[in-house]
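Shared chain: subunit A. Partners: subunit B in the first complex, subunit C in the second.
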Partner chain A sequence: MNMTNLSPEFLNRRSFIELDARARAQCLFDQGTSTELVGPFDRIESPWLPRQGIAPQSDDGCIIFKGKIGGSPAVAIAFEGAFQGGSVGEVSGAKMTAALDLAARDSEAGKPTSAVLLLETGGVRLQEANLGLAAVAEIVSSALALRRHAPVITIVAGTVGCFGGMSLAAGVSSYTIMTREGRLGLNGAEVIEQESGVDEFDASDRALIWAIHGGEQRVGMGLADSLVEDDADEIAATVRGYVRAGVPAKHRSEQVEFYRKRIAAIDTSSQIDPATLRQKWSNSKGRVR
Partner chain B sequence: MSEQVGLRGRVWFKILAGNDTPDNDDPKSVLSRTADFGSEPALFLCVVPDEDSRFPCVRDGQVGLEEAYALATHIRKVIGEDADEPKPQKRPIIAIVDVKSQAYGRREETAGIFFAAATAADAYASARMAGHPVISLVAGHAFSGGFLTHGYQANRILAFDDAGITIHAMHKEAAARITLRSVAELDKLGHEIAPMSYDVRDYARLGLLFRLLHAQDPQNPTADEVAEVRAAIAAAIVDARSGTADLSNRWKSDVARRTRKGTLAVRAALEAQWMNA
Partner chain C sequence: MEHIELSYPEAKRLITRRAHVGVVGSGDLEVLLEPSRDGVAHVTVTTSVDGFGDAWKAVLDRFFSKFGGAVRIHINDAGATPGNVLLRLEQAAEAVEQ
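Here is the complex of A and B:
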């Protein structure tokens, strides 16, 4: 996708990252077409947090909007990074799965309904551990079922990033949009430092973190599709472009042999330099997308 | 953590698939074989430790880049080979699960382990949606991203009713540290709050399992115990073939109706509001 020009307009730019999850989801839709579903007034909260002395939130940190994007039916599902780190609990996870399932049902009935996942999440909510992990498996399954009929578009924009099991949801998406500020990976630097030691990953090395997980790197190495500015209008326009493009001929996560060969070619005798890897992968021929 | 990770997986792979020699194209950590199961062939898959792996952070039985792509390759091959078969003839895929976790390594993050994991989950789910019965046998540990990559997309999940089984989002020490609790507090909490528990019997209360299996020592099963496991897998295959190709059995089961009230409430509310939006 093209980048908008950076000229004086950036002063008038409306930051996407500074919006909360509700406003982020809403700004993607055509004016006046969107409605929030199972919102805070429905008060379906986590049944598990209060029993552990943690205040639940009446939307469980997952916000759903349904409406039209570029004239086509769409649903946006946004995780709120400010509530429990955007973590996936039983209710927030089931909300996302249910929205994907209903979009798939409409799509199968002849009304293709795209889904936009706004992933601002550290992954499974450890206070709901096994139901969070199960929810992630269900989300991935439902995203895969929907993407046969309508595109599943992931946005990783904000400072929380997209980590843990939810990075697999990004991985199976039809298209992934990232900002430079966004990060995408299975394990964050802190987790690796804790599990494998500071020699493996120094979590205080900010430059290294962005060199590995950052949006510029992920798009540059071909594991995400669009690098965008932190601009709500540009992001909405990019989403409209992907809704219009529809289901890709082949999804990235189906191209196993292509990516397996890339891994086979990596020298693992020392750590992998992210910039060199990006250059190699961005130049490789045969990339379908 | 037990130092036994992977041993039980290998034992059960050998019992069910008959031979545990890795495929030439695969890392030594991936066991894959099509073998007869009852009256039909089935694809068996397992991830085991490889202490010589060229990726240091998978040597204790973690699922890394090569493991994920190898699993995805084998599953996609079977989907392709059986593409023209009618659904009842599509090969069952049996994932034998005994994995410590995903790999926690810098090499893995740099080369996009999140995406490798996604290709394996995609392959398992695509097989299920194409009509292959996908069955997981949890023989030991099933942790976090390791389980999401290998086994959690199954139509039906079986696990031994045994203290050596742990299915969880994060190992105890790390979960205690992150939730600011002691390991003892975490254990106590687990018995009150089922999704937090590290005990497979509490896990069974979530409604995600098809059946609990019995073996005195799952690493050295008797002939009768092997027969029971085979019968349970066969029953899971029949049940998967007669059910839907999605994962809805996990929240519609009788057990889930008691524990996953939040899931069911949110699904009902969204469905009711969806039509009018």
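Here is the complex of A and C:
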């Protein structure tokens, strides 16, 4: 094989997407400062999955680390996309809520503690439907309580993406970091096709899906903040930057009128394409970030 | 879903560390390996696929014929092949013996 044709940047970088949730969370912290909370050996598993013939996982697919990022206290909450699509159930939801609440409590006591959400999730776990929905409500309310004191930083790296109820958690976070491979949206492509038909949205058209939900488009439209390469070091550095920046002057989800006006200004008489939308919205005056 | 329990009384070698490897994703499994409390090895398996008790016993017999550590192993399995199971067990064993 002729190695000279291969980009050294690509060969030398440490892929973030190829790491599992535990390794992703760990690589964000300052060396030797992180400890896992409620780890696999505590065996807090979902009590609902075995009743439905599904093998549980010892951490319920939600991994919590506490430590320091750039010298500041922080907690990372990572969803394992390979286990049940990174879905939120009773246990994983409670773990996430408790981690956010403890960070808020520390912050209120004068020790600002940032939270990093590593979201690879299709949203609520269907096998635990109502409990999962309740968990999302708690997660959003805990994230809102924390973000007054310290930044809540979401990373959507791929390959699962971040959809459903958990996209709301991404929506209320202070900063969102995405890769080109990552996708972020309320309804996933398959759900839209199933509910509205293939004419509305063709879930097999990957170019279309990434043109709408993909990281490049989300950052381009100002609905996410940083577009990064699939590089663990670059992502960790970006997180450190946002931890240092602290709470933003105004969160995206506080600008309801701004976004309402933006949507109202769109001419819906013809089908707008993703590139035009990105151009329009990125040029809008009053874009905060 | 099936629950399998096995014991290996001849596995008595002292192990002091613990290891967690794998993920309960399709065709994969997680292995939790920790020192045994009573000095011999015990294995529990929770698998989403029924009817492969003999295959599980064969794979674990082979693993313990070489490993011989007094450990408690718990496996959550989402349909891994026997080869995959053995690789994950060996990965966990390597992690505790490093």
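Going forward, the second predicted complex is superposed on the first by the 279 of 289 C-alpha atoms of A that agree within 3 Å, B and C clash if a C-alpha of one lies under 4 Å from a C-alpha of the other, contacts with A are read in each partner's own complex, and residues count from 1 in each chain.
By our rule, a contact is a pair of C-beta atoms (placed from the backbone, for glycine too) under 8 Å apart; a residue touches a chain by one contact, two chains touch by 3 or more.
The structure displayed is predicted, hence computed values, not measured ones.
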item: Subunit A as common anchor, with subunit B and subunit C clashing or fitting; value: fit
item: Touched partner set for A:His213, first subunit B, second subunit C, both or neither; value: first
item: Contacts of A:Thr121 with subunit B and subunit C, given as first, second, both or neither; value: neither
item: First, second, both or neither for A:Ile192, with subunit B first and subunit C second; value: first
item: Touched partner set for A:Thr179, first subunit B, second subunit C, both or neither; value: neither
item: Residues of subunit A touched, compared between subunit B and subunit C (which is higher); value: B
item: Contacts of A:Ser87 with subunit B and subunit C, given as first, second, both or neither; value: neither
item: Overlay on chain A, subunit C to subunit B nearest C-alpha distance, Å; value: 15
item: Common interface residues of subunit A - those touching subunit B in one complex and subunit C in the other; value: none
item: Touching residues (chain side subunit A, partner subunit B) in the complex; value: 35, 37-38, 42, 44, 46-48, 51-52, 64, 66-67, 90-91, 94-95, 97-99, 101-102, 124, 126-138, 140-142, 144-145, 164-165, 167-168, 170-172, 184-187, 191-192, 194-196, 200-201, 212-213, 218, 221, 223, 251-257, 259-260, 262-263, 266, 268-269, 271-272, 274, 277
item: Footprint of subunit C on subunit A - complex, ascending; value: 20, 39-41, 43, 45, 50, 53-58, 80, 82-84
item: Subunit A-touching residues of subunit B, taken from the complex the two chains share; value: 54-57, 65-66, 69-70, 72-73, 76, 102, 104-119, 121-123, 125-126, 128-129, 144-145, 147-149, 152-153, 167-170, 174-175, 177-179, 189, 192-197, 203, 206, 208, 246-247, 250-251, 260-263, 265-267, 269-271, 273-274, 277
item: In the complex, subunit C residues that touch subunit A; value: 1, 18, 20, 23-25, 28, 30, 32, 34, 46-48, 74, 76-78
